[in-house]
Amino acid sequence: MSSTFRGVIPPVVTPLAEDRTFDRPSFNRNIERLIDAGVNGLFFLGSSGEVAFSTDERRDEIVKAAIEQVAGRVPVLVGCIDTETERVIEHARRAQKLGADAIVATAPFYALGGMAEVEQHFRLIHEAVDLPLFAYDIPVCVHAKLPVDMLVRLGKDGVLAGVKDSSGDDVSFRFLIQDNEDAGHPLQLLTGHEVVVDGAYLAGADGSVPGLANVNPEVYVRQWKAFQNDDWKGVREAQEEAARLMRIVMVTDGVSGFGAGVGAFKTAMKLLGVFESNQMPNPVAALEGDNVKAIEKVLKDVGML
Amino acid sequence: MSSTFRGVIPPVVTPLAEDRTFDRPSFNRNIERLIDAGVNGLFFLGSSGEVAFSTDERRDEIVKAAIEQVAGRVPVLVGCIDTETERVIEHARRAQKLGADAIVATAPFYALGGMAEVEQHFRLIHEAVDLPLFAYDIPVCVHAKLPVDMLVRLGKDGVLAGVKDSSGDDVSFRFLIQDNEDAGHPLQLLTGHEVVVDGAYLAGADGSVPGLANVNPEVYVRQWKAFQNDDWKGVREAQEEAARLMRIVMVTDGVSGFGAGVGAFKTAMKLLGVFESNQMPNPVAALEGDNVKAIEKVLKDVGML
Amino acid sequence: MSSTFRGVIPPVVTPLAEDRTFDRPSFNRNIERLIDAGVNGLFFLGSSGEVAFSTDERRDEIVKAAIEQVAGRVPVLVGCIDTETERVIEHARRAQKLGADAIVATAPFYALGGMAEVEQHFRLIHEAVDLPLFAYDIPVCVHAKLPVDMLVRLGKDGVLAGVKDSSGDDVSFRFLIQDNEDAGHPLQLLTGHEVVVDGAYLAGADGSVPGLANVNPEVYVRQWKAFQNDDWKGVREAQEEAARLMRIVMVTDGVSGFGAGVGAFKTAMKLLGVFESNQMPNPVAALEGDNVKAIEKVLKDVGML
Amino acid sequence: MSSTFRGVIPPVVTPLAEDRTFDRPSFNRNIERLIDAGVNGLFFLGSSGEVAFSTDERRDEIVKAAIEQVAGRVPVLVGCIDTETERVIEHARRAQKLGADAIVATAPFYALGGMAEVEQHFRLIHEAVDLPLFAYDIPVCVHAKLPVDMLVRLGKDGVLAGVKDSSGDDVSFRFLIQDNEDAGHPLQLLTGHEVVVDGAYLAGADGSVPGLANVNPEVYVRQWKAFQNDDWKGVREAQEEAARLMRIVMVTDGVSGFGAGVGAFKTAMKLLGVFESNQMPNPVAALEGDNVKAIEKVLKDVGML
């Protein structure tokens, strides 16, 4: 059953109108483009889906629109990201009610604690909803790394269906893959790092969650197919191509973090005609001027413009 | 006007019943005890008020109960803690509607960004509500330190009414006090570190927000009065006494962070007969067994039991 | 010329006698074993070669023994690790005098600074000695990450001959490889992470510096040859095998860092009959009791015992 | 005996000539100025004494010059700073031979480990030399915080004579003072934070090690005397004055860490006529241009120029 969740599952970026309302037409356009390219699933309200910036009402608006537009063509995963357990469970229950196929939750954050509490957090979420639960390992946001042994134990206990690994710790990810295999593969293991998906596939990952696939879904689908055919030259060449495109997040000045990363994705998607605007959620400003030009240049260099 | 917010303003701990419902009688008992001791204000839904663990419904329940019970006897500050601006503004508007006297907000967290965005965050919150706004500087939770020059600028611009400093950076706090003084004292500067309030007063702080005052409000009120009378021997002796009591957060085994800190406060308050239970919010477990005994011993050692 | 430095170049572990004197016979035995296995170079006085624990006299003793025993059969790289530039240059000059083929230096550490100073540090070392200089990117030890653009610039300027990447940042390493290629491949890029060498090769690395090769050199040499033959199944299988062996650093209790890592290497090498003792340098204790048994079990599980 | 080490003990800055040789005349001038001002001891080869930048030969040159010039008028403490135990012991033995009155050592650094190893490190140093040993708690440089219970245990066991606290953790320092008092005051506890010495004295510190005292020794001596007379207004006023002067490390652009801090001290001392040059050790550049002017302005603002 959890084997549904493999392959390329982009974390879908949320387009905003200039007035920061949700831009449904651009959102639909992007979904169609991703599905046309052949992605294997879609992940809404991830970090790059601006979950942390969205009110509950906005989150519901996005999930409803997503489920309506996707219309069952691929599985829909929904990020249920909030500080601690009870708040996450509320999001999870809403996601289930709205028709999500799976939910994705991080370790608790803001208040410090130990790993016993992190484990209990995932167990309580699992008890509260009837959906496959993915752990989102993203220490850069939550400042805790999920330990390999805990993840595999939660997989074996049927608590977790998989892991989205955005930890940047490829050594740990390798051990996770090996231990998961030894345990009978209870977890679907997806990498969130756009520029090293090739290495993750070689290590045995079940798929990828590349934010950059919003800008170029085709290259990641092509890479996945090459991997399925044991065509490592193809896997590598796709990765080289994607890494060149990823430079859009590095050519800007005076911005950092979410503003630089998702800011560049949105700007590229506007330049490509997918989004109407590259508007960003409060308190972040949209990229403009030379930063837009620098991104445009990268798109031209890689042949997308 | 903002001069209302000075002196001892404890961050009020939230008691739970065994079934994790809100324990209103214990909550009221604690408020009465704090006001009787002579505190100068009360801060609800701070980090130790378990804001991050509380659903929106629970937050409202706490704020309503607080405002009803306090009944205007001291100013009520309400923590509006959430990941990014729009979510914080929602909490702030609810707090205003419920009758808060001031609101307290941290830097945005979860999604990374730069200081320009943090500044914009506070400006947008200020524009959205008609209440004095305190910046809550707590890098251990939000992983960003608020810079002195930004804080003073936001004070001079009328955006911030004050700062609750839980940064653990006494060097920076010293410069903040000096720069604030040079700017005409636009900010009320409150320290959140229970065991070094004496140094903060000597440096010129306008007050303190000691979580430990939930356990012993009297010692912090006595210390504040000694400070008002330039009685430094008294300030220091009160601090020594409080530091001994603070050992309750250090004598436990196998717990850390919120579970050790607020867990010890709640356990002490149960032992003192203020709270019915030392229950903790999900996913945290209440302290038990030897950990309770260790806290009991500290309370006896300092003469509170 | 710098093309000499490619393939498998293990960082050689330093054996000690029980009384913590340098154990020359074990050292020689290990070198012979590594060369017999077909390694492409040897790196002495790296982090796992206990450079930080060794006095200048001990360092000289090791380098002299190394150069004598290797006798030109493979290139000898020598770690010149110290806090700041002038101290590093002293080590570098001694290494040159003793006959090293290349030197390896980290960013300066202990005293904080900016990247302009790090770049100047490498330029000054390069000016001071007539040997190929490798930058050792090891933020876990020096608490600074070497930026990709600086490394490539130093390569193009002839300052650096290569990089040993122990940063754990595979995203950055991917960009380094791509930028280095675009610049005409001035740098030899070696990965220091034993369990993800396969991904590094797929990304285009020029070689590896696996500490674990002290325990099993054969598997890394076999992996390198598979890579040279575009045999990705072989590359991956070798990596799986090495990752299972790497569990020796994770099965111990009550130790961490160098004591757990190099401690496990030395213990395994003693169990394998390569080293006489698993003694560790002051202030670290040798592994003993159940920790030794746990390592023995791993060696048996992977078929090395 | 260890009671000798109390009061104001500045970490002496090391002047360099333009060609980066040791500037003995400026060094002597500074020592005379410090002793004339009434300091209670002098600490050479601390972090601001550029120990990490100095070769062994340079370190000896500085210690010899220091002991000759001080000529027994105040106690001389010597920093024996290096990566791990055996290297530190070599420095300690040389310091003893040259006539130091006490030595100062940090936790081991570069190679990671646990606290058992840190404790063993201090025990081994103590066994190796016949001098009072101070622990230098400076996590910003060595990336480990010395725990209170370990420090007090080493004090009670006669291993440590005191602690120089540059941890920036005033909460921990408060507990250290209290536990040290309960243990019979085996440790002399000195704060290294120039702008919060007043709070440290109020908490019960035995003295201070302010780098800024190189620029203005008089204000720290005055503060110490005020403290001895229970004149808290005087203690605070001196601190306010020192904090204004400390702005010299914050008014510069494009520099950070050691280059900004010690760079500013040296520049101020050149402007005050104490040093011939503000030259910095490799790979750091001396401050120049607008940065010098900005420091000059601070000196004028506080009335020192």
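Labels for the chains are A, B, C and D, by order of writing; each one numbers its residues from 1.
Throughout what follows, a residue touches a chain if its C-beta (ideal position, glycine included) is under 8 Å from a C-beta of that chain, and two chains touch if they have at least 3 such contacts.
To keep track of the chains, here are their UniProt names: A, B, C, D = Dihydrodipicolinate synthase.
Worth saying up front: this structure is predicted, and the values here are computed from it rather than measured.
Any chain bridging chain A (Dihydrodipicolinate synthase) and chain B (Dihydrodipicolinate synthase), meaning touching each of them, is missing here; the list is empty. Of all the chains, the one whose CA centre sits at the greatest distance from that of chain B (Dihydrodipicolinate synthase) is C. Between the Cα centres of chain B (Dihydrodipicolinate synthase) and chain C (Dihydrodipicolinate synthase) there is a gap of 49 Å.
Here the spacing of chain C (Dihydrodipicolinate synthase) and chain D (Dihydrodipicolinate synthase), counted between their Cα centres, is 35 Å.
Taken together, the chains touch in the following pairs: A-B, A-C, B-D, C-D. The residues of chain D (Dihydrodipicolinate synthase) lying in touch with chain B (Dihydrodipicolinate synthase) in their complex are 168-171, 174-175, 178, 193, 195-196, 198-200, 202-203, 230, 232-233, 235-236, 239-240, 243-244, 250. Listing the residues of chain C (Dihydrodipicolinate synthase) that touch chain D (Dihydrodipicolinate synthase) in their complex gives 47, 50, 52-56, 58, 81-87, 90, 108-114, 116-118, 120-121, 124, 140-143, 255-259, 281-285.
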